[in-house]
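Quick one: structure below, then a few questions.
Which chain is which? They are A, B, C, D, E, F, G and H, in the order written, and residues in each are numbered from 1.
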Amino acid sequence: KSHKYKDDDIPKTPLMMSFTSYRTDLDAKHDKSERLVKLSRDITIESKRVIFLLHRTTKEDKSNLILEADKKLHSLEQSHWKNVALELHGEDIYLFLRSYTQGLQEYVEAVSFLYYLKHKDLVPLSIVKDSLTFHNVDSGAVTTKTISVEVPIIDFALGLTDLGGELMRLAINSIGVGDFTTPKEICSFLRAFYDGLMNFRATNWQMNKKLQVLRNSLSKVENACYTLKIRGSEAPKELLRDLVSSVSTTTCNTDEYDN
Amino acid sequence: KSHKYKDDDIPKTPLMMSFTSYRTDLDAKHDKSERLVKLSRDITIESKRVIFLLHRTTKEDKSNLILEADKKLHSLEQSHWKNVALELHGEDIYLFLRSYTQGLQEYVEAVSFLYYLKHKDLVPLSIVKDSLTFHNVDSGAVTTKTISVEVPIIDFALGLTDLGGELMRLAINSIGVGDFTTPKEICSFLRAFYDGLMNFRATNWQMNKKLQVLRNSLSKVENACYTLKIRGSEAPKELLRDLVSSVSTTTCNTDEYDN
Amino acid sequence: MSYQIPQMFSSFQDVIDQEQIIRESVKSSVQNLEQTSRTILALIQTIHQENGVKTAKEVAQKAREMFTTVRKYYEELASKIPSEQYYKYHDHWRFVTQRICFLAAFTTFIQDGRLISKSEVAEMLNVKSERTKDSFHLDLEDYLMGVLQMASELSRFAVNSVTAGDYETPCKISNFMSELDGGFRLLNLKNDSLRKKFDGLKYDIRKVEEVVYDIRIRNLSTKK
Amino acid sequence: MSYQIPQMFSSFQDVIDQEQIIRESVKSSVQNLEQTSRTILALIQTIHQENGVKTAKEVAQKAREMFTTVRKYYEELASKIPSEQYYKYHDHWRFVTQRICFLAAFTTFIQDGRLISKSEVAEMLNVKSERTKDSFHLDLEDYLMGVLQMASELSRFAVNSVTAGDYETPCKISNFMSELDGGFRLLNLKNDSLRKKFDGLKYDIRKVEEVVYDIRIRNLSTKK
Amino acid sequence: MSYQIPQMFSSFQDVIDQEQIIRESVKSSVQNLEQTSRTILALIQTIHQENGVKTAKEVAQKAREMFTTVRKYYEELASKIPSEQYYKYHDHWRFVTQRICFLAAFTTFIQDGRLISKSEVAEMLNVKSERTKDSFHLDLEDYLMGVLQMASELSRFAVNSVTAGDYETPCKISNFMSELDGGFRLLNLKNDSLRKKFDGLKYDIRKVEEVVYDIRIRNLSTKK
Amino acid sequence: MSYQIPQMFSSFQDVIDQEQIIRESVKSSVQNLEQTSRTILALIQTIHQENGVKTAKEVAQKAREMFTTVRKYYEELASKIPSEQYYKYHDHWRFVTQRICFLAAFTTFIQDGRLISKSEVAEMLNVKSERTKDSFHLDLEDYLMGVLQMASELSRFAVNSVTAGDYETPCKISNFMSELDGGFRLLNLKNDSLRKKFDGLKYDIRKVEEVVYDIRIRNLSTKK
Amino acid sequence: MSYQIPQMFSSFQDVIDQEQIIRESVKSSVQNLEQTSRTILALIQTIHQENGVKTAKEVAQKAREMFTTVRKYYEELASKIPSEQYYKYHDHWRFVTQRICFLAAFTTFIQDGRLISKSEVAEMLNVKSERTKDSFHLDLEDYLMGVLQMASELSRFAVNSVTAGDYETPCKISNFMSELDGGFRLLNLKNDSLRKKFDGLKYDIRKVEEVVYDIRIRNLSTKK
Amino acid sequence: MSYQIPQMFSSFQDVIDQEQIIRESVKSSVQNLEQTSRTILALIQTIHQENGVKTAKEVAQKAREMFTTVRKYYEELASKIPSEQYYKYHDHWRFVTQRICFLAAFTTFIQDGRLISKSEVAEMLNVKSERTKDSFHLDLEDYLMGVLQMASELSRFAVNSVTAGDYETPCKISNFMSELDGGFRLLNLKNDSLRKKFDGLKYDIRKVEEVVYDIRIRNLSTKK
């Protein structure tokens, strides 16, 4: 950013001279913070896209979408996240955490969603940390063996908690296409997750708010499982088996059924 | 307002028939209320204009402006207010008070401002009531000896309280043009007004809020009088007399002063 | 300087004090009404219980009898309001009147399967149906709010009827509420509390429609 | 110089007054649109009633005809807004336009079993589909909100179709809503009102799927 | 039908993305304008310093020259906004435009002792004065807010002129502000931010009148 | 005079410090209570799990045993508060006490299928049931809030019972909550948080009634 | 079981009723206190009037005599509150007590030019200065809030003294408030309403300092 | 089903607990700093009193000596912060550090008539001026906030100097603040608390300018 004030115009008093140097420091900090905010915003958008993409798993071929999501996240790591790591290199990350935590949380949400689809479990912090660690980096400014983006536990936990909403969407959407297993699995997982979080004493209003949202999501999934049970109670056993096995046929084709 | 629903289409069940009559009643009420809101809004705008006009008294010929304001208010009474009175004739006015109280309050503010400029005192409720009473009215719908707009005490008091702000503006503006008497008179009047209102126990949150605003206005006028006193302390006696007598010359004409 | 301010405010004060006395007295009548309405409501709630559906008509009859007390308190209240100042104090009894309209409407639906009219409610409350200069009347919007409260209670009653093995009542309720919906759609509602309450009606209707759906798809209704 | 300022400020007052006049006039057209949309909505609601399903197409045709009035008021409204000020006053007609989009979309689904396109809605409203310099257009988000409102109404219609003994319509609705869901999933929505409304879509879909499920396990679709 | 919905929604995404791009781009131009306006403001502030009064005209001339940059950024900004979307994005540049109007008005008063007109400001900013179909214009309220900001700065300048021994400038300022006040009194302002800002004007005027009074009672204006 | 004010204010500081010490000490006891209550809550949550319904009584017994710790901390807390200052610091333990009442009530319902009385809760907490001069008591509203929290948890439990294949528990819960509702209807509540929470009870009740409805319409309760 | 809940809740109602009775009774005493405090305040306000400064001492004496009534109502209030429930109802009289402390402090400053101590205020109010088991006391924060309200009134009094031609009183007030500020600076306040009010003190002090400044720069204090 | 959830959260809990311990310890050091800063502030306040201006230099010297304690507590605080986590806990000491910067800057201005530099403040506090991996430094924005607080205090001091008959100090302050204003205008401030505080500087400057104006127009300054 070029300054319109020509430096020759500035009176050469000690005060003005020190403020000139303060300006340099402040600008450096603000510019870095601004760059991080922009990176964070792009990361947020791209992470949301990955989540949207993964929701198509209820409709389309699952493994292909997972592969695509893997690729998208990997390219996000190698581009935007590597830039974040470079920006943070040598800094006290807590000075800039506010600038990139939103992107970080949304990224954790996307990664954990993908991980759940693969492993039906919570993504470990170590995996996220590894993904955000870069080796043998050689940028113009920095040449170093290893740089990484710090992932504070609280921000990780905040991102994870958002996973609840996405799993809830997945559970309800699954029922819509006749998949009755996924909702039950998600219900059990979300209960364990909620119990774990309830015991986690990190006094943080954001956490409390998100915990409330998580509880609502869990409640919606429980109601969905309840409905499944109730509905299942009426179906003739053999029909139910047919239904479950034909998960991928999304539409109710009346003609086919007539056969 | 014509209804698009053709009445023949309505099933002739008892329920639908009674709702048709409810509709008539509701529409009548809403329409009247809507007309009153519109009248009230016009009254508000016109009253504000009268107030703006009267603020020019610090700059222009006072008696002409007062005459003009008198005329404007009178025509407002004979047009909009008479219509309000016609609308309210035979009604429980408290059903519609909310629709026209804003206009009423702004009108009371304008009337009391004008009255203050004439008499340096608070306008009596009876004068406002008289202005809003109309004799020998003959409209298409109503022919009656006398109709009037009820002025509930609370709404009258709320309108009066707003006068504080306008008097404060008048006081400060007066100083700007070298008139030192008006601010002092206003200060004394506002103190008495504030004391009177403070003793008036009408528990009403609007009143409490407006009382706070009035206190701020009084405080500004007190500070202005203080400044006058302080400034006056330095002026040579004879000059001060000159200044006070030349209230109407608004500008400081350096040339003239040189003479 | 001497202003007419003190005299003015002291005369105002008299009026305000007078009004305050009326207000206190009104509050006390309203409290009595609230107490009575709570008692009737508690009675009516029992029809949701296990055997409630069977005793519904009986309960409704008892509830109707309790309106004697309601009438008494409305008479008392009416005597306290100066002529043409009904709407000055309306806020005090607005809420309880809506609730009482709900109770009257619910009772009548249980007994007769039809919507009570505004004038019938007014009669049950011992007030006038239309505004006149010297009397206490029933406000139209209060009546309509009460009717909407009833609709909400009916959707709950439809559910509990099925639990109690009664598959006919839900169908009656569904038809009734559909007609009610049509009635309300005739009205030109403003963006006020009535509109908001009416917006809630559609959820009650959907619930009842789903109950009827459940009955029909299982062929439980004996009518067909 | 002395004379310049008063003249300058008089001309400013003219501008301020002018804007106030436009705003009042816009409000009045919007009120007309609201009235008309309420009437069409009341008409459409009748298809949920007992015999409604059978008359659905007829009702839809009537509704479509009532768009003549809609068109007239949009024309009136458009004539009041200089095109470059569309977004200065947009909030005034945002809500009613969403509702009208819903009505247009619902009508079209009933008649043709397909999603009305944005340009078709624009045509029905007699406005431009895309922003151009000289015209009043249909905002994209308003159209999408209207489409989501329709989805909610369709899920209710699926339930009532079954009650009326029609087992085919729910399947058609189910397919249609599934496709609609796929369409919305292509959008990268922000966390705004549109996203929130879209989040509700999944419950509507689930409800319809449940209806279809109930039909299938009972072999009802073959009964027709 | 199946193929229509995905295509439709893809095109919707394009529109949504497009808007996001405009918004980001607008923000960047506005940041440049803010930076420039801060620089001009810092320059103008120097006239309050001890020798500032003497160099005032010089400073004003320099400030005027810096408007070249302002014009450039407005041109850039204007090129990004289709005229009919001016009010869709107006909030982004509202604040900075008010400040720039203040700077233009202050500069002009220092140089010519008169109020800059709205069209002159528009010219200095390289935008249109009136709303036309194809251009970026200057909003009236933004201009008026800028004028009121200038009045506040002038009252400070009056005080510092005296400190610097200049007894004539305060009288000029006093006359000018009195006239300005007369202008604003012609407007019928609503209770909005403009009215609030205008309410502050009377204190600025009073301050200047006090300065003039101090000069007169000491016969200082004759001393020069 | 000069010397009086500092001395006066020094003595005020002593009072403020003293209060601060009590407050800190209270907070620490309350934190312990919160920790313990969280542990009990987490234990109780397990009954919502798939096999939870079967182990419910066992879990409740374990929970009851953990009240030993609760009693200890209340004793500790009580020792810190002079009785006449109970309400000065009440806000500190209000929330946690409500939660503990909920836990006690829930545990008792699971074990005995009945409502725990206020004096029983007081005993479980090792505090007095009624206010006396020299002791730490259980506030009535805190007890009632806890009871309402339990109702909310019970409605969730009813849902999960069905999922776990238990069709009897929901019916028990429904009866119990209906009775509870009758109890609360006897109270004349102010417009406070208790009233608000009670207003929420009806949603919990409807939810449970709908669960029972679903069971009955499918004849599930007889099937097991 | 069925019979237990209604009985339990009936007993709760008794408790709630009891509390309600106390609350109503407290409110009535507080209203009397408010009325009396308003009367004293109105009396004290007269010292701001033109001739008020001259009659200040006289007015203060009259105000002090009116405390007889204050004492009576505090006695009445105290008799209604069991000591251990002081803080349960404290919010009811908190505000009026702060105002009465202000009146006592203001009166004392006018008469004696010094700060009234907490125990003196307690004596004027006929309550205990310190908390004891069996009595109604004066809360420290209420006393301090009252003192800060006085400071605010004093700054207004300083302004009006000058207007009335009294140039000495402002200097006394300035010294007094500076000392008061020193006192408050000894306190370690929490981030509560007291701290917020104290933060406002510095504006009152600056105002008075500016009044003294105006007097000194014009040599007015020596002139009289 | 068994998840790795409990292990994960229990390992997190350890970290969070550890952090909580540090946080508590930091708070205690910060409280000491706050106590010390309050004492220094109370000392400095005395220069506003009647004879304060004369003893200003003496007071400043005493204040400077009290920084020994400040240094001690910063050393203590620094020892508690793990390397590279300064900004994790920064919020805890941000406010007190700003106040201490203000005290250091004010002291230095009184003694030397110049702005203390950031590195000088760091030295007075016994912290590093620039961030390094292993040390506790002085944040630039905290320093700047402190400087702005000083400016506000200086404007008050200018007023009180005149009261004490010192007409030179205000002129010095005016020049100093004008230069300070120029310095701040070099900075590109974001819309944060620093910007907001800086926006307040202009009022302080105007106040001082008006004091200088009062002095000049009365020829009180002996310099000319």
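We adopt the following convention: a contact is a pair of C-beta atoms (placed from the backbone, for glycine too) under 8 Å apart; a residue touches a chain by one contact, two chains touch by 3 or more.
Protein identities per chain, from UniProt: C, D, E, F, G, H = Translin.
Because the structure is a prediction, the values reported are computed rather than measured.
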Via touching chains, chain B connects to chain E in a minimum step count of 1
Pair from B-C, A-F or A-D with over half of its contact pairs in common with B-E: A-D
Pair joined by the larger number of C-beta contacts - A-D, B-C: B-C
When the C-alpha atoms of chain G and chain H are each averaged to a single point, how far apart are the two points in Å? 34
Rounded Å distance, chain C centre to chain H centre (Cα mean): 64
Between chain B and chain H, what's the gap in Å when you average each chain's C-alpha atoms? 50
Would you give the residues of chain H that are in contact with at least 2 other chains, written as numbers and ranges? 182, 186, 188
By residue number and range, which residues of chain B touch two or more other chains? 1, 3, 5, 188, 195, 199, 201, 234
What does chain F use to touch chain C in their complex? 175, 178, 181-182, 185-186, 188, 206, 209-210, 212-213, 216-217
Per the touch rule, the chain H residues reaching chain A in their complex are 1, 3-6, 8-9, 12-13, 15-16, 84-88, 90, 114-115, 117-118, 131, 140-141, 144, 179-180, 182-184, 186-190
Which residues of chain A touch chain D in the complex? 45, 48-49, 52, 55-56, 59, 169, 172-173, 175-178, 224, 227, 231, 234-236, 239-240, 243, 250-252, 254, 257-258
Listed in rising order, chain D residues that touch chain C in their complex are 35, 38, 41-42, 45-46, 48-50, 156, 159-160, 162-163, 211, 214-215, 218, 220
Considering only the defined contacts, which chain A positions touch chain F in the complex? 187-188, 191, 194-195, 198-199, 201, 219, 222-223, 225-226, 228-230, 233-234
